[in-house]
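Have a look at the structure that comes next, please.
Which chain is which? They are A, B and C, in the order written, and residues in each are numbered from 1.
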Amino acid sequence: MFEDYRGVWVFIEQNEGEIEGVSLELLGAGRKLADKLSVPLSGVLLGLEIKELCPEIISYGADQVFVVDHAVLKDYRTESYMKGVILLAEKYKPEIFLYGATPNGKDLASAVATDLSTGLTADTTMLDVDLDNRLLEASRPAFGGNIMATILCKKHRPQMGTVRPKVMKALEKDNSRIGKIIEEEIFLQEEDMRTKVLKIVKDVTKKARLTDAHVVVAGGKGMGDLQGFQLIHELAETIGATVGGTRDVVEAGWLPHEQQVGQTGETITPKIYFAIGISGAIQHIVGMKNSEFIIAINKDPNAPIFDVATYGIVGDAMEIVPRLIEQFKVLQKEKGGEVSYV
Amino acid sequence: MHIVVCVKQVPDTKIIKINPKTNTLDRRSAPAILNPYDAHAVQEAVKIKKMIGEGTISVLSMGPPQATAVIKKSIEIGADRGYLISDRAFAGADTLATSYALSKALERISKEQKIDLVICGLHAIDGDTGQVGPGIARRLDIPPITNVIEVTEFNKKEKTVLLKRKIANGYQLIEAQYPCLLTVGKEINEIEYSPMPNMIKAARYEPIIWTVNDLENVDRPQLGLKGSPTIVGKMFTPPKPEGGKKLDGNADEQVAQLIALLEDKKELLFANH
Amino acid sequence: MSEKFDVIVVGAGPAGTSCAYTCAKNGLKVLQIERGEYPGSKNVMGGVLYRQQMEEIIPEFWKEAPLERPVIEQRFWMMDKESAVTFGYKGLEWGMEPYNNFTVLRAPFDQWFAKKGVEQGVLLVNETVVLECIVENGKVVGVRTDRPDGEVYADVVVLADGVNSLLGKQLGFHKEFRPDEVALTVMEVINLSKDKINDRFNLEENQGCTIEIFGDSTKGNLGTAFIYTNKESINIGVGTTLSSMIKAKLKPYDLLDYLKTHPMVRPLMEGGESLEYLAHLIPEGGYHSVPKVAGNGVLLVGDAAQLVNAIHREGSNMAMKSGKMAAEAIIEAKNRNDFSESSLNKYREALYDSFIMKDLEKYKDAAHVFEHYPQYFNEYVPMINRAASKFFTVDGTSKKDKQKQIMRSITGERGKLKVIQDMFRAWKAVK
């Protein structure tokens, strides 16, 4: 009954001509699914004057790109974008359709799923297919992250899911790849739109966004109090890192919400992650476990944070961190005058 | 101005416990609360009503009979009335079936008093999907604006509302025609401490309860479990990663080892971003 | 102008809810105000609920109330460092209707009970703290809460705000406690499977037991410890008067830790996971410290009126009974439309006529005696243990000689006359 539905699709989210990282990650994940199912992988790109992005999409793994280029699609709006996506999906019938779980991706996917009367799995962190039934197995944290649930959509097509940023891996960019570009016309009129984007205001205050930082020093409730938490800031400053924290720390008011790492905060993959006085609750771990090099400092040898740490120090942060700061300062001097602070 | 806020009763996932043997929720450990985002949604409706100087706030929930508790909670915050749709036919709904049932209830409410604005929480902390709000908007054919962080201004003559919508690295300033549907997070406002008369009103309040028969033009196969395209295949505990190496010695020795290990990452450290 | 009620009840513990329930059932307009997130959210109790007084309010409540287990066995331990002399009573008839007592967890129980009140028409407002009574012309006319527009008015205000009744103090009905008038009790709820509980306590399905422990449970200080079995958890707690705690420089939690790791207790708790930890005061001043319980437009019930029998650890039953009697006095006062002190004093009369004040009078000197003569706890209990050990050890000595030796050692240790004096004093205190 679903023979008409073939192919794996990824919605390519672009903001002002720049492709979101999660879309490239999804091309990587989608490639695997498409190969398993022996079907092409397609990117779906909407916007105004965005055609030059197509080669990039192909170089990250797509076999073809569907493009809808229209003035009304200049800025993201649910009403206009969903029209384009639905048009494509109804015409070309993909069996699997993935979106990044960003504010726009979630918004779009929810609206599209409603119109297509199909299932949508939110915030997926693991993807697989059951080849026999060509069934997408989308797994996601449930009950506040204490457990994983695999969600299936047996009787409807396409099978849709939004996928969390930073959990899938993008392929190496390969400029030698070739693919097809399929342009689609759409009839849209600005007068029909009930929402208007008057302007876009970028957050200029951003220091280093947590999600972009290479080195993160994160502290937990184990720092004792606001004053104890100053050690985290001090260490971060010494090594030029960005500060992060657990939800408990944010709720205690030691850090603003933007600095929270974890399920209800940011998912990050820095090169180095310090977890200090953090117990390692599952909701925290899902936000940082893919960091390259994780150093945990905790006085409880059984703290679960040690399970994900590359190196662990069992000890009192109040003793360890000041020594670390001291040693780093020595190291920094050795490194010489290359250091500059803003 | 008639504002309807959709509110859901959820288990408090902060204190939730999972039975490791059966992989199910230990209900005893999870008191039911008003979805925290929905509390902000109701508070925003109260703010809007104050801002424009008039209006009626209704809340709507779908759930078992005990879900009247979240309607009362909403009255405490300042809602004027509340509807609960409760029927076995609704049970087991995923987001698609939920948005269908809620949209049917909204149609009925709209007959009693025309709806100008629907507000939903950004997501419910149990399902964490954030799909129901946009789903409702599609079914009612009104524009959804998700992730609203500020409701700035109403223009009653033009029937438009000015909003700020959060995006990845900033916000969009949006002008939307209403009726429309907003979803809101926690940044949008602070929940105020409810005045005593609201508390007494809530204690006394009897929500309006509808079954599926009270709704019109309902296509029953779209409801509940039957109307839900997604099903839960299996539940499992995420595989536990193996830990790395623990450094030994006293504090000084541990720190010295760590510094040595970080030698080759020096160029990452002290580099500014 | 804010709404006026017939009755405002402050607090949704057993005392407040009994009162609110009874008033509403008789057609009065009742507002009940509780500071917790829900009734029971902040309440601590070892966990024995007595059937009688509860049944006077809701007949056959056991058919629907969230109870843990009917108590079919009550044990007493006189515990020393590595031994305990135990006795008790187990009766299967207690496991059948109409039952004797039940173990309960306060959070679900108080919520259920309060809901029964709401069903009778009580308006229950949670998460709201009553800051003070509003007094006009020497009469309490309402309360002020911590909320915006927070004043509410009523003919009668019932203070059921528990042991530390700040509101009672504000009205000058009672003073700050003396440290010897209150016990500080700490308690933990420990998760344990049904099977383990049944095995370790020798129980079957839907049977519960209570253990009261004297002696080394408090390191010899005035006070007692208890272990109660719930469905799938155990309540363990220990309390001593604030004064002995200060005297012995004890920290409450240390005492509980000491108890939990005591070799006599540890095997019962083994493998359990701590669910919650609670600390609470119990008024133990008894008869002498019961304050004025009725004033113009105001009544005090339950712990707020210091109605606790420390020796038998009865409190919730007195709370319920007093709440009900207060309600009855209010209903009469309403009929007379007279809420003056003399009209409300009907409650005081009923209280002094009931088992509550009679029981409290009977034990009126007990706490005092035990407080001033610590030998009951730190000498006799070990002595009894040594005696029992000697008596039950088979070593070739005749039983008769053993008894002689035991008597000699007891009187030898403390002196014959002293022993007789102690016994007499103790007997007088509890007779």
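Operating definition for what follows: a contact is a pair of C-beta atoms (placed from the backbone, for glycine too) under 8 Å apart; a residue touches a chain by one contact, two chains touch by 3 or more.
Molecules present, by chain and UniProt name: A = Electron transfer flavoprotein subunit alpha/FixB family protein; B = Electron transfer flavoprotein small subunit; C = FAD-dependent oxidoreductase.
Model, not experiment: these values are computed from the prediction.
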Chain at the geometric heart of the assembly (C-alpha centres): B
With contacts counted as defined, which of the two, B-C or A-B, has more C-beta pairs across the interface? A-B
Go ahead and note the Å separation of the Cα centroids belonging to chain A and chain C (FAD-dependent oxidoreductase). 55
Could you work out how far the Cα centre of chain B sits from that of chain C (FAD-dependent oxidoreductase), in whole Å? 42
How many Å are there between the centre of chain A and the centre of chain B, using C-alpha atoms for each centre? 21
Quick check on the complex: what are the chain C (FAD-dependent oxidoreductase) residues that touch chain B? 2-3, 31, 123-125, 128, 145, 147-152
Given the complex with chain A, which residues does chain B contribute to the contact? 11, 13-14, 16-18, 23, 25, 94-96, 99, 125-135, 137-139, 142-147, 162, 165-177, 180, 186-187, 228-238, 240-247, 251-252, 254-256, 258-259, 261-262, 265-266, 268-273
Name, in rising order, each residue of chain B that touches chain C (FAD-dependent oxidoreductase) in their complex. 193-197, 199-200, 202-204
Residue numbers on chain A that touch chain B, as the complex places them: 15, 20, 75-76, 78-79, 82, 102-104, 106-107, 109-111, 113-115, 117-123, 137, 141-144, 146-156, 194-203, 206, 208-209, 212-215, 239-242, 257, 271-272, 282, 289, 293-295, 301, 306-316, 319-320, 323-324, 327-328, 331-332, 335, 338-342
